[in-house]
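Look at the two complexes coming up: chain A is in both, with chain B in one and chain C in the other.
Then we have the complex of A and B:
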């Protein structure tokens, strides 16, 4: 790589324009080549091959293309005929809709608090972001082995000392509660990321709007719904796009929160891992079928694209290229009339 | 004097109005301190103390760390993760920075197409890549070699790095390159001698983000690091947690958790103010 990045150049004489031109092309090619090669071999070729693979029956990942059998859309049929896969789809729907709504509402609340003029703003922002930089495995271990533990756990101790014995007896890691526990841990780990984006967005809103609204006697809630919300629309949309992509690829928390009952926390990616590489953990077995695994990948990609299309439909981007001029002025005028 | 007092009073009232907000933040702070603090204390206690909730009763037990590092191979995993993270940082910058430079400062046919491709690549789910990559790894007999994960971690982070650094390069003034060109400096030399050092703040921030991402990476490591000799800390910790349940060495397990999160934790504590602004710039990834 380095030798490519440092081509041995002979200093160019200024007269030889054609030579210089050639040298420039060579320079650009040598600078772009590694990245383009990486794009072709690590991204484009695998994506195309996975798309193709989803239409074939493939027994082992390492099989040559010659030994694949074309079966059309049978793999997708297999998926929708599998109870485990359908369960994984309902789980992902719950993670996406309910989890997404809760996480984004809490993130918005925290972002508003952080930008409301509290002291040590940077400290709070870093503190809330902190769980996001901790390894998911370490974080989940903290939750399952300490916070949710039913002998010396944090929640148990706290609820006990508060005299709430029924809450203290709650079995966080019991199969029926596993999904809830997983989502709590996931929310703690991911909220900081959205708070960071939203807080930056709120900081970008001109203070004039809020001052004008205050003069007109608007309270915090009115200011939030009349100024912050409409002006943050694009940033909300970006948060939803990012959250959706994360939710569709939900995997680490799901595997780590599977002790014996995967059904509660299984996601499409876990199903895919099982059908390609054998069991991830626990005792649910899926027949080995690499083609079906590829089909899950294609499904995940389609879902991501669909979510993005849906969002574009529901929340179209402002056509106004310079929103700071007209539309904002109009909105702030509305905001003033609280 | 009176004006100052008035100001203070008004400020006090304003801050007082924010009490509910402070309470929420304080709740988060206390919870985080208890959660992480307890883990650290438990990692220095004995398993018996953990279960009776009398942490540190018999003093500090640093032997938990020695045990988990040596007996449970966490030392090996730690060195692996360090190798992957550092080489991914260096590799992505060496591939990404020149490409970002050309893409953000030169006009040529296909520039827009390339730029859009790199942005698009950031949103391709990894799940679409792993099956063929697994096959390719076997084909080039890289299975079971650390080189495999080094290559993967470098390449997978290239699109984001290009996207991230393009912003830095396009904000630099053109006068310096022109001066370099007049002096007979080749464009490549001008880049490595002048532009690359100028983009240093961006490169440092990118390295920190990439380091944290690779250190914490789980999915690729689970699929490709299937041997002890190439496991990362994340996968290693998962193995340790699973085995601890049977061996009953909970204190050792908590020591493992601390070893895994401490490097990124320390990096973040010292550098968070430097990188927080850039993290939002990186919001397009994830």
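Then we have the complex of A and C:
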């Protein structure tokens, strides 16, 4: 061990190095402490409190802990006995799996087109990104009231002018089609973000690979699957992680597509909101169950962890430093200190 | 001392001072983000103006947390009322916190933390949770006030303004709050459409509604529409009329599916299936997203919409100033509960006084002032319904007033179906399909029985 840390060919005094290490550690701790404390306070405390809250009956979210009633795992039992919560889990699975696949495939396709040497590249990139910076409220209002509207909406008008009467009569916002409509709007608002990331990734791939492939006679499809895809693997993984995190927190589109909770649009976060804050309609208010809401939060946390574990298993990180390089790097660093 | 150390000391001192300044006690300014309704400075000193020497108790500041935003017409009306109060009682100041609808999330923590709040709009979401923070107003509503012409709040207010808060909070001992901006859940209709169709009196029974709808359809109108958000109101209320509210609440709570097989449910579904087959529902009810349906009423395409009495305000930009509204209570059904004469779902926005307020007399005076004829007229101008027995009704709502006068039994919106938030979305979805003609009455019953079974 000693010979690896302090190579024998470098004459150093052990005490002096230990002192230096201590000084460096103190220096690092003093710089890291504020960030670590902030992390503990902002993330760890609410997480621990939510975990605890999920085991209690709590009337209101800010109630003092003294008024909480311990009920064990009853809140989780309530969730798994709730058809509405199970429906919300089905919806979130569809949003994550099907929605994610569609959005990332379309984003990849557009990113490849944009980086393929098409004219006005920056214009197209900005145009595709534009919906992402529009407020979700404005975006959904536009979709529900002006695009999907069953009387004067864009789709109805266009299909009518094309003589496609059955498509023109399609009720985009009827209960059975509402999920599809919501996902179209969500994809429209999200794709630009992933196109931007993927296009930047493709731009970062050396042109040499493509030129060499062309000389070897590779067509566009071969170049995409043999060069672009493998080299974009890490970027893809990041996109999937980002999409997954966004999907698990799916809330704004649901609440904007549904004035009150609906089967087609309910997600775990909507269920949690209803449980924690209630929902008033006329003179009726849904009963509050903050503990159950916290249990939903715990479920979402578990889902996010599982998704990340799954991604790590399916798409492991590339090892970019081999053991020899690592020892070389360490040796040169130690040498520099002396 | 080195230059670096000196600089570090100066910066540290500056930082400590900044932090100390940021952390000054909140009670020095009870509401840092509140917008004053008036530029007048906060002061508990008597006004220097010679006229209108106020009583010592009617001085000081009141902090009012409201559910309105200052940019809404209702918020603007509140700002005007507060200004008028300050003008009438020199030396007073009303500080309004424009919490908006987030009041239902922020009020309780604020009260619990002891933040200064003297008066607040009591959000219905809290039910009875704020009971300990709300002063019992029993004595205040009985005492005479000059601004009410020497009458008490009990004398001038609609009886429902005192009863509704008890029902909405489920606190029946004492008077937890006083209502304003009352509403009823009624069939709102286009008077012009009714006249053109030759309908001379508003329907009182389901049979009369059927006949009226037929006439409206013949006259070229879509008789009835609804939006997704309120699908359970027009449907659940039928069941309430048929079997009573308690029965509907039991139905909603059923976990066996058997109660949904009750003949009454099929009878209800058949009634709406019949209306759907006759084309009484607008062709777009299957896909209406709020507020599409109510806009169709405002535009004159559809004649009736079962909603709250605030509907005319919501669609006034589409309806225009000449649109005349009528209203009738949900009709009675054959062998039903006979509710149409005097029972309806009703509610109101509520105002309460904090039990910990240090100036109860001033808060009571402000409560009375908001129900003075002058203030009420300002609220009505902002589109709110009057809370006074002798209040003014806008001309376009003149036909709605008699229905208000008749109602003295308060029911739940949606008939009670919303008592179970698990079943309500399933009920709404299946009802929309039923009214759109996508499923039959039997399929409706099957779907509901299957969904209720656990």
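Methods note: the second predicted complex is superposed on the first by the 265 of 338 C-alpha atoms of A that agree within 3 Å, B and C clash if a C-alpha of one lies under 4 Å from a C-alpha of the other, contacts with A are read in each partner's own complex, and residues count from 1 in each chain.
We take it that a residue touches a chain if its C-beta (ideal position, glycine included) is under 8 Å from a C-beta of that chain, and two chains touch if they have at least 3 such contacts.
From a predicted model like this one, the values you see are computed outputs, not experimental measurements.
Undergrad: Check whether A:62 is in contact with chain B, with chain C, with both or with neither, and answer first, second, both or neither.
TA: both
Undergrad: For chain A, which side has the bigger count of touched residues, chain B or chain C?
TA: Ranking chain B and chain C by residues of chain A touched puts B first.
Undergrad: Can A:110 be said to touch chain B (first), chain C (second), both, or neither?
TA: After superposition on chain A, A:110 lies in contact with chain B alone.
Undergrad: Touch check for A:197: first (chain B), second (chain C), both, or neither?
TA: Only chain B is touched by A:197; chain C is not.
Undergrad: Let me test your reading of the model: by the given contact rule, A:274 touches which partner, first (chain B), second (chain C), both or neither?
TA: In the superposition, A:274 touches chain C alone.
Undergrad: Under the stated touch criterion, which partner chain does A:151 make contact with: chain B (first), chain C (second), both, or neither?
TA: both
Undergrad: Would you check which partner chain A:46 touches, where first means chain B only, second means chain C only, and both and neither mean what they say?
TA: Touch status of A:46: first partner only.
Undergrad: Can you pull the chain A residues that chain B and chain C both touch?
TA: On chain A, the overlap between the chain B and chain C contacts is residues 62, 145, 151, 277, 281.
Undergrad: Within their complex, state which residues of chain A touch chain B.
TA: Spelled out, the residues of chain A in touch with chain B are 1-2, 5-7, 9, 11-12, 14, 23-24, 27-28, 30-32, 34-36, 38-39, 41-43, 45-47, 49-51, 53, 61-63, 109-110, 113-114, 116-119, 122, 124-131, 133-139, 141-142, 145-147, 151-152, 154, 157, 193, 196-197, 200, 238, 242, 245-246, 248-249, 251-252, 255-256, 269, 272-273, 276-277, 281, 290, 293-294, 296-298, 300-301, 304.
Undergrad: Can you tell me which positions in chain A touch chain C when the two form their complex?
TA: 59-60, 62, 64, 81-84, 144-145, 148-151, 171-177, 257-264, 266, 274, 277-287
Undergrad: Which residues of chain C touch chain A in the complex?
TA: 104-105, 108-109, 112, 123-125, 127, 129, 164, 167-168, 185, 227-229, 233, 284, 286-290, 292, 296, 308, 345-347, 410, 412-414, 418-419, 421-422, 424-426, 428-429, 432-433, 436, 451, 454
Undergrad: Spell out the residues on chain B that touch chain A in their complex, using ranges where they run on.
TA: Residues of chain B touching chain A: 14-15, 18, 21-22, 24-25, 28-29, 32, 34-36, 38-39, 42, 50-53, 91, 94-96, 98-99, 101-103, 106, 108, 114, 117-118, 121, 123-136, 138, 152, 154-156, 158-159, 162, 184, 186-189, 191-192, 212, 215-216, 218-219, 222-223, 233-235, 237-238, 241-242, 250, 253-254, 257, 260-261, 264-265, 267-268, 272-273, 276, 279-280, 283-284, 286.
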